[in-house]
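The following blocks contain the structures, represented as structure tokens.
Common to both upcoming complexes is chain A, partnered first by chain B, then by chain C.
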Partner chain A sequence: MSTAALLEVRDLAKHFALRRGLLGRPSGWIKAVDGVSFHVREGETLALVGESGCGKTTTGRAVLRLIEPSSGSVTFDGQELLKLNAGDLQRMRRDIQIVFQDPYSSLNPRMTVGNIVGEALRVHGIARGAELNERVAHILERVGLSPDFRHRYAHEFSGGQRQRVGIARALAMAPRFIVCDEAVSALDVSIQAQVINLLKDLQDEYRLAYLFITHDLNVVRHIAQRVAVMYLGRIVETAGTDELFDNPRHPYTRALLAANPLPDPSSPRPRALRGDVPSPLTPPPGCAFHPRCAEALAHCDRQTPTWIQIARRHGVACHLHQNTSRQGDDEIPDG
Partner chain B sequence: MIPTTARTLSDDMSKRVLSLERLHVSFFTDAGELAVVRDVSLSVSAGETLALVGESGCGKSVTALATMGLLDHPGRIVAGDITLGDDVISGFSEPQMRKVRGARIGMIFQEPMTSLNPVFTIGRQLAEVLRLHRGHDDRAARLASLALLERVRIPAALERLRQYPHELSGGMKQRIMIAMAIACEPQLLIADEPTTALDVTIQAQILELLDELQKDLGMAVILITHNLGVVAQYAQRVAVMYAGEIVEQAPVTELFADPRHPYTQALLQSLPGTVDPGRQLNVIQGTVPTPREFPAGCRFATRCGEVLSRCASDVPPASRHGGNHVFSCWQRMESTS
Partner chain C sequence: MHAQDSSTGSLIAHTESPWRLFWQLLQRDRLAMAGLGILLALAVVALLGKATTEWLVIFDPTTVRLVDKFRAPLSEASALLPDADRPLTGVYLLGTDELGRDVFARMLQGSFVSMSIGFVAVGISIAVGVVLGGIAGYYGEVRIGPVTVDTLIMRFTDAMLCIPIFFLILVVVALLPASIYNIMIVIGLTRWMGISRFVRAEFLSLREQDFVLAARALGLPAYRIIFWHMMPNAMAPVLVTATIGVATAILTESALSFLGFGVQPPFATWGNILADGKNFIFDAPWLFFIPGFAIFVIVLAFNLLGEGMREALNPKLQRR
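Showing the complex of A and B:
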């Protein structure tokens, strides 16, 4: 690795117990996240893409310990987050923030915008009184909102403005890393462009690292330097953004890209991937993608594919690429 | 530059299925009349897909609801005609419209979750449609239901008929909705954001299916969406709405290659992918005005980068650009004439 990663995630897993039976024994497990590894460097955007139920949102929350992971390791700036006690974790959380998808349900309707944005500063005892007001006004201005808005309530604003409030709240603590969980997905095109530009500006200004969770491939191509593709709780491919779009290797990544309608009538019609995403309760054995895979080999339904680094920054978990592994690789695997 | 209405737009009048002529819809609130849809004219022919595209609150769904006779109080059509085949349905009573909906106009919506009744099986809900509109008895309804499920490519159809909506995936539910919508082989299908709640691979399946059914049945389709990728790939013609008005209408290739209206241009330029990754996206400043704030003239005047002095006060007339490309903009009209 060229520079040390700011965030390093190793073998992260989150298994949800299913309806506990007699004597509190779970009747089954949902492996929402099942052994996920990746890293994000300072000032970098890693996109985590996949369809609903693939575990991308759970991954984002487990990284922040908003959901307690079942196992694995998350180090931030060299510190193991999963071993921190409550007090240390809270201090660490100044550096790590999250912006949610739905600007309608993620802002408390009973709080003024000023209180929403300033809450963390107050709770952490960083600012109070006039200084707090001044900082909140400054942050609001930075995200393109009038400082006068701090006396108003979230419901008075449009979706785009609310999302700016959500970003202002995340920015208040001057974090180094932000999880953006479908942060622009609910916004109209013209508003989405404004918010994407804002996130990009803030990243350049503060050297922010983003874990950008989304299903929108067009946004990914614009905003991310690297991409990790998830399917049914696992990362199936990671690569630099251009490499992933130009040279996708996993059949699922290819299918995902082929299904994406491009806003250009002369580009080829989307091709549909057959079947539905299987239930994470009963994931298919072997490679979880094999029932939908057009290129599945005989052993794909029995053996779980191992991670293969096919180029310095390009890794894939697929039996098709079993023999293309690069030797003597110095890069820590991304996936 | 000839002022024009939808009448002059269609290539083949004989295949015309639906036309809206200068439709105005208002909501009558305590605070007064809100003109949410103003002077909308469009038409769609058999076998054709017209995309109605625009951002939230642009009036695309209200236009669709008005077409189906489903406007709720306090909304009302205040002027204009809606013609389906040879019938001016905007003058129809509610009992008359009930016969039109389902039988002659099929509908699918964004949320298959909320459009299906959770306490009845799929079979019972399909059978009800068939009994109501086709007068089928139980046995005939059951056979027709099975045929419909196969038509929308639902595997293990017999088993599905016994299931409840919550037992099916989002994509499956949308297929059921499509089966209900096409049960009576309608002339017109209105699909309001049919894939917005679905994943991209499922979206492709559903749009492929709609395309196939349209070819089989020769339906006219109005595809309401905010997704310009879906528009580019699945529509033949596009009507762009902004703040309750159609600002531009054109064949799909022409609209993407040569947009005339500043709003259409700005919308296309704001898409990720139009500039190199990492560069600033072009943006449209400000936000869509609420109906109470609509300017008297061009409704885009408050956000337009090329606004003229008359724009805020005078409504721009529809102008033609080539064969069947129509737009409403003072600036472009003057610069082209």
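Showing the complex of A and C:
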């Protein structure tokens, strides 16, 4: 694993305006993503985990500029993506791809599989004619689909097969970085394992970097080297995967891990988290997690916790660890 | 280990495109197929009508035969008639009108005029509706001054919907020369609002669909996303409305002709044959009922086909 970050995200924010009035003045803001920073190295998988509605998907899409971020910076291979003009952005998009959650809505129902996979190659003038057919057939084969499928339509396939088509589409442009947005969440567990293995094989073969967005901690353990835990638009803890599972520091991370079902009926019943995720329209003051936190301190509802590096590759934003830590590095939320 | 679900079996070349699936479903709908059959037959009649009344005049809709006024259908031509004015077989298949003109020939000529008005008018309204709806749906958030493009286009659409269309057409037709082309354009330009509304709605929902996001992530140019990815998925309801819209346009033309604002003589349309016939409804009822029945049949056929298409495109009925 190289040391330089392939993708570096700093203070990324996406605020959605709520209900524009007659003159276009918003009546409120939803801070879906509110100052998120992380990086992904070449050939590495960073998992982004959190409950529904915490801003994982928005983060993934903002990185690709499928949603225009409100502020922050995203550098890919040293280039600032948010400042690129339309033409440069289109060129850059060959390197950064996305695989979606829903294998049904992510494929155009009126295109054949061959067209779905090969369209970008043709439109960008990378391959045409016999060469295009050959490349499409090769990619389909690589993701475990028969090349004969390229004349068929997406609705003729099962969920797992469709997800492979989605992966093949992302691979067609030979990207270096793929955002997997809940890429296996809609699949049966057995198919999940196949697709995860496929993603890992492809990573080894092409030195791909993944931003793996998921809510399923069991999946994280299988695919990610590092994990970032998100809560209400912010990252609350990052660590190496093993470190995070063995030694979670943020109460939210602990609650998530405790709630994760394990295939062992004798293990104690998980402690459920109290309450629901607060509305991102009116996030709680101080630490956004304090209303649900079992270990909240007196000042948790007033002061926003700063980022603390506990160990070289383990950081957390929590008042509980304010004094137990080495000198905090506010900038880089992991080592 | 990862090739389990990719079913290496069943390598049949058979494939089902969404249009083929639609066609299969439509074929099961007998009423829709009956409508389609009638329309195809009428289309053939219209083309033959154009050919035999204008290019190679076998049936002359303009010949005036004062000795043969108000002949009932299937009656024979008078012996006094000069040979040049005789109908093809010497029999008036659908009778004659108050000037002794052959109603069968006039209906033939009118079928082409009526159907072409229907199709051209709907073509115009689809073009306008799809373009405006597409712009509003795809580029809706772009701002021009204090308002968005979406607001601008959709409020204009609402304004158009507020105007009683038929009276607007009457005004325009009263001011413009009442040629076939003006009537086609006027009907077309006043019937696009429904289409633009649901093209916009389709585009708004399609724009957020993952496959459109994927197309953007692949760096495809906007025209390609709009015309290859979004438009084909938005066209199904447009086709249904268009089918029913042809019927409405034919009816509108008939109503205009009935009021005397439509296509002017000597051009026959079903509408103005009907309008002329209403004066003689008791003396020569066929002048009234023949064009009326023709309009009824074509409108019914278009509606049956349109309803059948709507059903066949209903995703709940389509198996995955």
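What we mean here is this: the second predicted complex is superposed on the first by the 325 of 335 C-alpha atoms of A that agree within 3 Å, B and C clash if a C-alpha of one lies under 4 Å from a C-alpha of the other, contacts with A are read in each partner's own complex, and residues count from 1 in each chain.
Just so we're on the same page, contacts are C-beta pairs under 8 Å (C-beta built on N, C-alpha and C of every residue); 3 or more make two chains touch, one makes a residue touch a chain.
Everything quoted here is computed from the prediction, not taken from an experiment.
Applying the stated contact rule after C-alpha superposition, one finds that A:Arg122 touches neither chain B nor chain C. By the touch criterion stated above, A:Arg169 is placed in contact with chain C alone, chain B being left untouched. Contact with neither chain B nor chain C is seen for A:Arg313 once the two complexes are overlaid on the shared chain. Contact with chain C, but none with chain B, is seen for A:Leu89 once the two complexes are overlaid on the shared chain.
In the superposed model, A:Arg10 lies in contact with neither chain B nor chain C. In the superposed model, A:Arg135 lies in contact with neither chain B nor chain C.
Legend: residue contacts after superposition of the two complexes on their common chain; A:His215 is shown touching chain B, with no touch to chain C. Under the contact criterion defined above, the residues of chain A that touch both chain B in one complex and chain C in the other are 158, 160-161, 190-191, 194, 197. Residue ranges on chain A touching chain B, taken from their complex, read 51-52, 158-161, 188-194, 196-197, 200, 215, 217-219, 221-223, 241-242, 255-256, 258-267, 269-274, 276-277.
Partner chain A is touched in their complex by these residues of chain C: 1-8, 11, 13, 15-18, 143, 146, 148, 209-211, 213-221, 224, 228-229, 232-233, 320. The residues of chain A lying in touch with chain C in their complex are 23-24, 61, 64, 66, 89-94, 96-98, 100-102, 105-112, 119-120, 123-124, 144-146, 148, 151-153, 155-156, 158, 160-161, 164, 166, 169, 173, 190-191, 194-195, 197-198, 201. Chain B contributes residues 55-56, 169-172, 199-205, 207-208, 226-234, 252-253, 256, 266-268, 270-273, 275, 277-278, 280-284, 287-288 to its touches with chain A in the complex.
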